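Look for chain A in each of the two complexes below; its partner is chain B in the first and chain C in the second.
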Partner chain A sequence: MTAEVVQAINRRRLPGDEGVWFFIVADTMMFAVLFSVFIFSRNNAVELFEQGRMTLSVSVGFFNTLILLSSSALVALAVVAAREGSLRETQRYLQAGIAIGALFGVSKLYEYSDKVSAGYAINTNEFYMYYFALTGIHFFHYLAGMIILIVCLVKLKRLSGPDHAGYQVWLESAGCYWHMVDLLWIVLFPMIYLLQVTV
Partner chain B sequence: MIRAWLILVAITTMSALFVEQQALEQITVPVILVLALIKVRLIFLEFMELRTGPWLPRLIFEVWAVAVILLIMGNYLGAYSV
Partner chain C sequence: MSKSSHFKQLYFCAWAGPFFISTFLVFWAFMGDFLPPLPGAAPIEEITAYFRDNTNTVRWGMAVSMTFCITYLVWALAISRIMDFCLGEVDSILSRIQTWGAAFTVVSIYLNCGMILGAAYRPEALDGTMLRLAYDLGWVFLDLGFFPTTLQMCAMGVAFLADPRQPKLIPKWLSWYGIWVGLMFFAVLLMPFFKSGPFDRAGLLNYWIEFGIWYIWCAVLSVYVLKAVKRLESESSPA
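So, the complex of A and B:
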């Protein structure tokens, strides 16, 4: 093994705190179980799930996807800017990421209120139970992510002195959690909203 | 990072257009899920920086993504025969 390869291996590091990564892996595993429960339940009531799916707004779902992707990208740019020591850029990217991320909450609340006013609730049928439960659990993860990003922004404004290593770990951990929220939505959205039965 | 975001937006737009194409119904499910798999990989490789990270978390996410997408695809394709 050449010295360059050894150096490259040593350089490989996980962004953020290892404990946060443990949580992220555990959480994604929990969602894998939830996805499995959804699709196996769907197998037993394909028509009911298809009827339920057709009542959902696909365009709102696509809009939500673009929001989360854009917010994630901005937070990733904030992490890069912080690494380069540009705290002003970090703040700008973080503010933009939070502002765009907030649109997901507005859009989701609009979607829930639209469904409730149309007479759909968690106890309407099995499809709607899963729809509200899965998107609701994801929504709580989203809310936690928004709070964590806002805390990062507040901590950034209070930073003083040249040593930002501690803040960097905070921001990287928050960023990875936020990307996980994005990643879970990327699977959740087609599974619930898009995949139709074409018998 | 911006390149990854542009690709993700392009794939999402492609998915939206694909869903609109009623004539392509027969292959919609596999295509949508393969596009979702590409997006998930881009997020954990680029945004979560696992492309340059240690091998174990990357392996966990690679296996997770493929397993989840195959599970969903198997179920939805199986539904054709219901």
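So, the complex of A and C:
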């Protein structure tokens, strides 16, 4: 690939495929609606939501935030490495991003099993409905993101020849999606785990 | 088969989309009084009144919806053909998945209408719990039968994105929108746990958003399917 082509790719206004951005914007808007519904419901039952919040572990939530931020940063570094044409570095960062990202799944499953064994379920009360539903929908997005990153890694290993512009678009798109998963959690964490009653 | 009769059939199938959308809105949504449906927490008296006070409207709505919901599958046949043009294959696996997905979507609609129509057949002879069961079952079949539609939408999104034409037969944003809508249906898995709130069958997410985005997708795609058929016809005709 010539230097002009690389520069042309890097000059693009949006990283990744523009169609993926449509997906990301639509998904983010859907979450914005759900977040608004949560806040509205919380305002109508502040005490119940506060009691529910007290049963959650802030440290586990914070740990999850750190995991996702670290994983996102590593995937961003993988994208930068791919832009610079360093496929070896790309692979290394991508593997690290996936490995750290996998910790989120372990941590979330631990958290869910802890809550279930403590007798909490999706239909326990309104707080737990939102807790399980919102974090569950987010977890589904997380799983999809992990699969996409693994596909990127497999595609990278199969890459042959110097022309990898198509792969770069793939990786950038995956990176954008992964950042969305991260961003959604950054809103979810303070909203569910940290938001306290102000007297 | 001649090219002209092939495209005539393709147009017929493509027009089945707008026909389905219109009949679904009028007969299923309006006459069936599903804008929105009764929530899971609706009192038994309200469900009984739904069947006993609007018996003939519900009967007409469900009977006509059952008759014409097959047009969704006919529309899907046009989509499959366009998918094959996008992929450069004949009878591709993706187009088969799409067709079968549409067929099972039709089955879900049949079951939904059939349950409601069965209860509306002699509502005066059934007690409230039976009427409620029929109503609940109708919505369980419709909502929880989402996965064939998800497969259908994802399969067509992938095929449309693989189209090497510039511009593509179906725009990229619409392909991604379809994939998103299909995956959004997974939220319906929460429906059996709630009788009120956003995840209830009549709730903000599981009714207004899910059905709204699906309906918009149907309407917009039907326009692009007609455009795609027109373009394919002009491409195939000698200059």
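Just so it is clear, the second predicted complex is superposed on the first by the 187 of 199 C-alpha atoms of A that agree within 3 Å, B and C clash if a C-alpha of one lies under 4 Å from a C-alpha of the other, contacts with A are read in each partner's own complex, and residues count from 1 in each chain.
Keep this in mind: contacts are C-beta pairs under 8 Å (C-beta built on N, C-alpha and C of every residue); 3 or more make two chains touch, one makes a residue touch a chain.
The shown structure was predicted, so the numbers you read here are calculated from the model rather than taken from an experiment.
After superposition on chain A, the partners chain B and chain C are accommodated together without colliding. Shared-chain residue A:A133: touches chain C; no touch with chain B. Once chain A of one complex is fitted onto chain A of the other, the partner contacts of A:Q196 are limited to chain B, with no touch recorded for chain C.
Measured by the number of chain A residues touched, the leading partner among chain B and chain C is B. After overlaying the two complexes on the shared chain, residue contacts for A:R88 are found with neither chain B nor chain C.
In the superposed model, A:K157 makes contact with neither chain B nor chain C.
On the chain A superposition, the C-alpha centres give an angle at chain A of 120° between chain B and chain C, rounded to a multiple of 10. Contact with chain C, but none with chain B, is seen for A:V33 once the two complexes are overlaid on the shared chain. In the superposition on chain A, A:V20 contacts chain C only, with no contact to chain B. Shortest separation of chain B and chain C in the overlay equals 14 Å (C-alpha atoms, whole Å). Only residues 17-20, 22-23, 26-27, 30, 33-34, 37, 41, 122-123, 126, 129, 133, 136-137, 140, 144 of chain A touch chain C when the two sit together in their complex. Here chain B touches chain A in the complex through residues 1-2, 4-5, 8-9, 12, 15-16, 19, 25-26, 28-29, 32-33, 36, 39-40, 43-44, 46-49, 52-55, 57, 60-61, 64, 67-69, 71-72, 75-76, 78-80, 82, going by the rule given at the top.
Chain A contributes residues 11-15, 21, 25, 28-29, 32, 35-36, 39-40, 42-43, 46, 58-59, 62, 65-66, 69-70, 72-73, 75-77, 80, 175-176, 179-180, 182-183, 186-187, 189-191, 194-199 to its touches with chain B in the complex. Residue ranges of chain C in contact with chain A, taken from their complex: 161, 172-173, 175-177, 179-180, 183-184, 186-187, 190, 193-194, 197-199, 204-205, 209, 213.
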